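Read through the structures below before going on.
First subunit A sits with subunit B, and in the next complex the same chain sits with subunit C.
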Partner chain A sequence: MKIAFWFLVFPGFLFTAIVGMLLTWVDRKVTARIHWRIGPPWYQPFADFFKLLAKETMIPAGTPKFIFLLAPMLGVIAMTIIAVMLFAMNFMPDKSFVGDLIVLIYLLALPPLGLILGGSASKNPLSAVGASREMTLYFAYELPFLAAILIAVIKTGGQIRIGEMVAFQQLYGPILYSFSGVIAMLISLFAMQAKLGYVPFDIAEAEQEIMAGPLLEYSGVALAMFKLTKAMMFFILPCFLITIFWGGLASRWAIPKLLLLVVLVILLKNTNPRLRIDQALKFFWIGLVPFAIVGIILAFYNL
Partner chain B sequence: MSNNRRIVPIGPFHPLQEEPEFFKLIVEGEKVVDIEINIGYNHRGHEFISPSLTYDQVPFLVERICGICSNSHPLAFVLAVEDAAHIEVPERAQYLRSVVHELERVHSHLLWLGLAGHFIGYNTVWMWAWRYREPILDLFEIITGNRNHYAMNKIGGVRRDINPGQFPEIEKVLNLAEQKISMLTHAVLDDPVLHARLENVGILPKEKAISYGVLGPTARASGYAIDVRKDDPHCAYDKIDWNMIVLEEGDIFAKAKVRLLECFESIKIIRQCIKQLPEGPIQARVDDIPPGEGCGRTEAPRGEVFHYVRSDGTNKPIRHKVRAPSFMNLPSNEYAVKGYSIADAALCLAAIDPCYCCTERMAAFEDGKEIYNGKQLLELSWQKTEILKSKYRK
Partner chain C sequence: MKDLRIQGLKKSPWVFHVAAASCNNCDIEILDLITPRFDVERFGIVLVGSPRHADALLVTGVLNRKSLPRVLRVYEQTPKPCLVIGIGSCTCDIHIFKNSYNVVGPYGKHLPVDVFIPGCPPKPEAMILGIVKALSKL
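The block that comes next holds the complex of A and B.
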């Protein structure tokens, strides 16, 4: 019963969804202010979500129905599990919750996988292009992202239990406050931007080029699930970065830190044009990977 | 078609462009190997309506060909009629025409800059460019009475005068516009990501530009120095000191740069026009249009607009032909898009600043086959009117 409450209400699905949508509103409002617009009221993401729930879900003829409808669910499920794990590990590190970093990394791969599956199942050339772009982008950002996480693992002396990583940081100070920590955080910020699919890395959904790409054929509840995944990610990913690099969530500074990361994402989103997929790949592999290697070397010398 | 080739449709309804047009991109993976351009989704019928209106009414009609170049079309039309009837336009009217025409160029280029920002996913540029376009539209309202569709030109002159009381306001808006456009220009020209995205993409070399007959900024960005304002001076353009902006690169970045730099030239022209504005009447007396024919050309923001008018001595033209610049610029995509990725192709299609509502009055083609020509479209339209009429008769 308690587990069900954890997963469905707090800190799982419901809580993450609500906070995520509120953060989406922050995004929309700040973006609007940067654009000299007024921006929507706070309930706009909720209104959009419920409107989508009421719409008909169209399934294009000839698509594999099961995969087409499974794809949007993958991200929501993954995000719910990550939320529960993150909170359990942050606030109850002594309870032996089976959750190490590797599980989280795999779960974080599910939302892009959902997009790739959905886009490929849509039987639309534009969705297929979007899915292939999403796949390329995933491989592009995952390498420096893993390297950045590796820096944290090295710094904590080989811990891959998040609870122990948090405990380490509470003892010796956050990983961020060191050279390698800063490098790891910067790389993760870019990777987060790409994972969220925001400009300059909204290549997979580029509406002006391929009309929302993988999401093109989705409507109604299925589309709402994709939007919800994105909103939840907008909450979970900064939390994940704070947990690993910035001292964990069990602190009164957690909320300002979270808002700071969110605003950084929004600013990056609004001051850049979209990159081309090959440029994004070059940016992550040629631009960030050497940087990450330097960070790993620094981490070995405990800098 | 080989197996690894696929079709990526851009249009007829696509978020990239607001108007109906169809670009069939034939792609291998992400690379565009071929493109087919279909226009003709929107039959406007201007050339048919025009002969049923009097000469005084036609400027209001052609103004509505395009909401953005809504000074260029009437200007080209009145120039054509004045050419046919050998009317001498008072000098003050010519200066006023130049003022409105250049203001239109500034607002149109800012509009394009905003749209280009949107197409590349840079919505901040979009919103900011359009925000700084607002004072210019307000200035239009001060000068002509309307934000869009200025109704400034009439045969023999202009409809409204500028009084000296408006000069400070005009100067204020021009200063603001100059300041903000220079800020936007620096923001665009110094952005490394924009350089990465736009440079060496969609290159249209000079010889191709000439063979496709492209016009306006599209041509001038490819080193093809044509500008009706210089080549065939009309209005006050020969009495004023200004430069034609010509760049050699031919890529999308050059096209953006040409447009941005042209805004400054336009502001320069407006300043000089206001300063040198001669005294005198703003319209000539026009009694009748003698039989004959005339051509009017003017440099719209997108390139040369051409109007041809034939008169038989009555108060209505018997033939009125319109050629908008996008009609010439569109086919150049055939060359410019090939070999680049879909992401680049989308930008490339937008880089010529296409205006389909200007262009669309042509025959419909699909896969190189003619589906409707002008006459058939007209018949189609008549049939539809008949159907509607019979429906509401009962």
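The block that comes next holds the complex of A and C.
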């Protein structure tokens, strides 16, 4: 009963969805203000979601129906589990188990996997292009992202339990407040931008080139699930970064930190043009990976 | 729940723009709607790239033999319920194309158009008014 409540209501599905949608509204409103517009009212993401639930869900002829409809659910399920695990480990460190960091990293791979599956199952050439771009982008940002997490692991003395990492940071100060910590945070900020699929890394969904990429053939409930996944990610990923690098969620500074990260993402999104996929790959592998290696070396010297 | 859904549809009509061989005047005026001056995102209106995501089709231009099947196909690809909004005088009637060999007649004959917005091109204010009228029918 308690576990069902955790998964469905409090840190799980409902809470994450509502907070994520409110953050999506913050994104749209700040974007509008940057454009010198007024922007949508606060209930806009909720209106979008309920409208999509009411719409017809079309399945293109000849698509594998099961995979086509499974793909949107993957991300929502993964995000719910991540939310419950993150909050449990922050507020009840004894619930943490060895290797939960690795479980979270794998669960974070599910939303892009859902996009790739859905895009490939859509039987649309533009969706296929989008899916292949998403795949390339995933391999591009995952390497520096893992290196950045490795910095945190090294700094905490080889901990792969998130509870222990948070306890370490509460004892000795956040990982961010060191040279290697700053490098790790910067790299994971870019990785977060790419994971969210926001400009400059919205290559997979590039509206002006391939319409909506993997989402092209989705409508109704399935599209609502994709939008919901994105909204939940917009809340969970900053939480994840705060947990790993910035002292955990169990402090009164957690909410300002979260808002700061969200606003950083929005500003990055609004001040940059879209990269090409090869440029993104070069940016992550040639630009950020050496940077991450420097960070790892610094972390070994405990800087 | 049902009320909530209809409210949702009223509050967030996503728009797909079907340019059926128009002279581009109406299309440019449609793009005016998303500029800071008119900012239709205030009402939740977003221009989307795929008819699968759309709740309203903005059709422009006079229908001809080549564009009719394509417009019908886009209409079929749009998940229902969806609105069809005819923008510009060309959608209301056939006007100066009256004796053309190629023109297949006004939109009303082929598609269930919810609202026609006359003008060559219509002003952005007129388009906002027309969309509001189409939504208030729901």
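The rule is short, and it goes like this: the second predicted complex is superposed on the first by the 298 of 303 C-alpha atoms of A that agree within 3 Å, B and C clash if a C-alpha of one lies under 4 Å from a C-alpha of the other, contacts with A are read in each partner's own complex, and residues count from 1 in each chain.
One rule holds in what follows: contacts are C-beta pairs under 8 Å (C-beta built on N, C-alpha and C of every residue); 3 or more make two chains touch, one makes a residue touch a chain.
Predicted, not measured: the structure shown is a model, and the values here were computed from it.
Asker: Putting subunit B and subunit C onto subunit A via the overlay, clash or fit?
Answerer: After superposition on subunit A, which the two structures share, subunit B runs into subunit C.
Asker: After superposition on the shared chain, which partner residues are touched by A:33: those of subunit B (first), subunit C (second), both, or neither?
Answerer: neither
Asker: Just checking: does A:55 make contact with subunit B only, subunit C only, both, or neither of them? Give me first, second, both or neither.
Answerer: Only subunit C; A:55 stays clear of subunit B.
Asker: Tell me which partner A:207 touches in the superposition: subunit B (first), subunit C (second), both or neither.
Answerer: In the superposition, A:207 contacts both subunit B and subunit C.
Asker: Scan A:217 for contacts with subunit B and subunit C and give back first, second, both or neither.
Answerer: second
Asker: Who does A:279 touch here: subunit B (first), subunit C (second), both, or neither?
Answerer: The answer is first: A:279 touches subunit B but not subunit C.
Asker: According to the stated criteria, A:65 is in contact with first (subunit B), second (subunit C), both, or neither; which is it?
Answerer: neither
Asker: Subunit C has the stretches 8-16, 80-88 or 98-106; which one runs into subunit B?
Answerer: 98-106
Asker: State which residues of subunit A lie in both footprints, the one left by subunit B and the one left by subunit C.
Answerer: The answer is residues 35-37, 207-208, 211 of subunit A.
Asker: With touch defined as at the start, can you tell me which subunit A residues reach subunit B in the complex?
Answerer: Going through subunit A, the ones touching subunit B are 31, 34-37, 125-126, 128-129, 132-133, 199-200, 202-203, 206-211, 270-279.
Asker: For the complex, which residues does subunit B have touching subunit A?
Answerer: 6-9, 14-16, 27, 29-30, 117-128, 131, 191, 193-194, 196-197, 341-344, 346
Asker: Okay, in this complex, where on subunit C does subunit A touch?
Answerer: Subunit C residues touching subunit A: 4-9, 11-12, 14, 36, 39, 41-44, 48-50, 52-53, 55, 77, 79-81.
Asker: What does subunit A use to touch subunit C in their complex?
Answerer: By the definition above, subunit A touches subunit C via 28, 32, 35-41, 43-44, 46-58, 207-208, 211-212, 215-220, 223.
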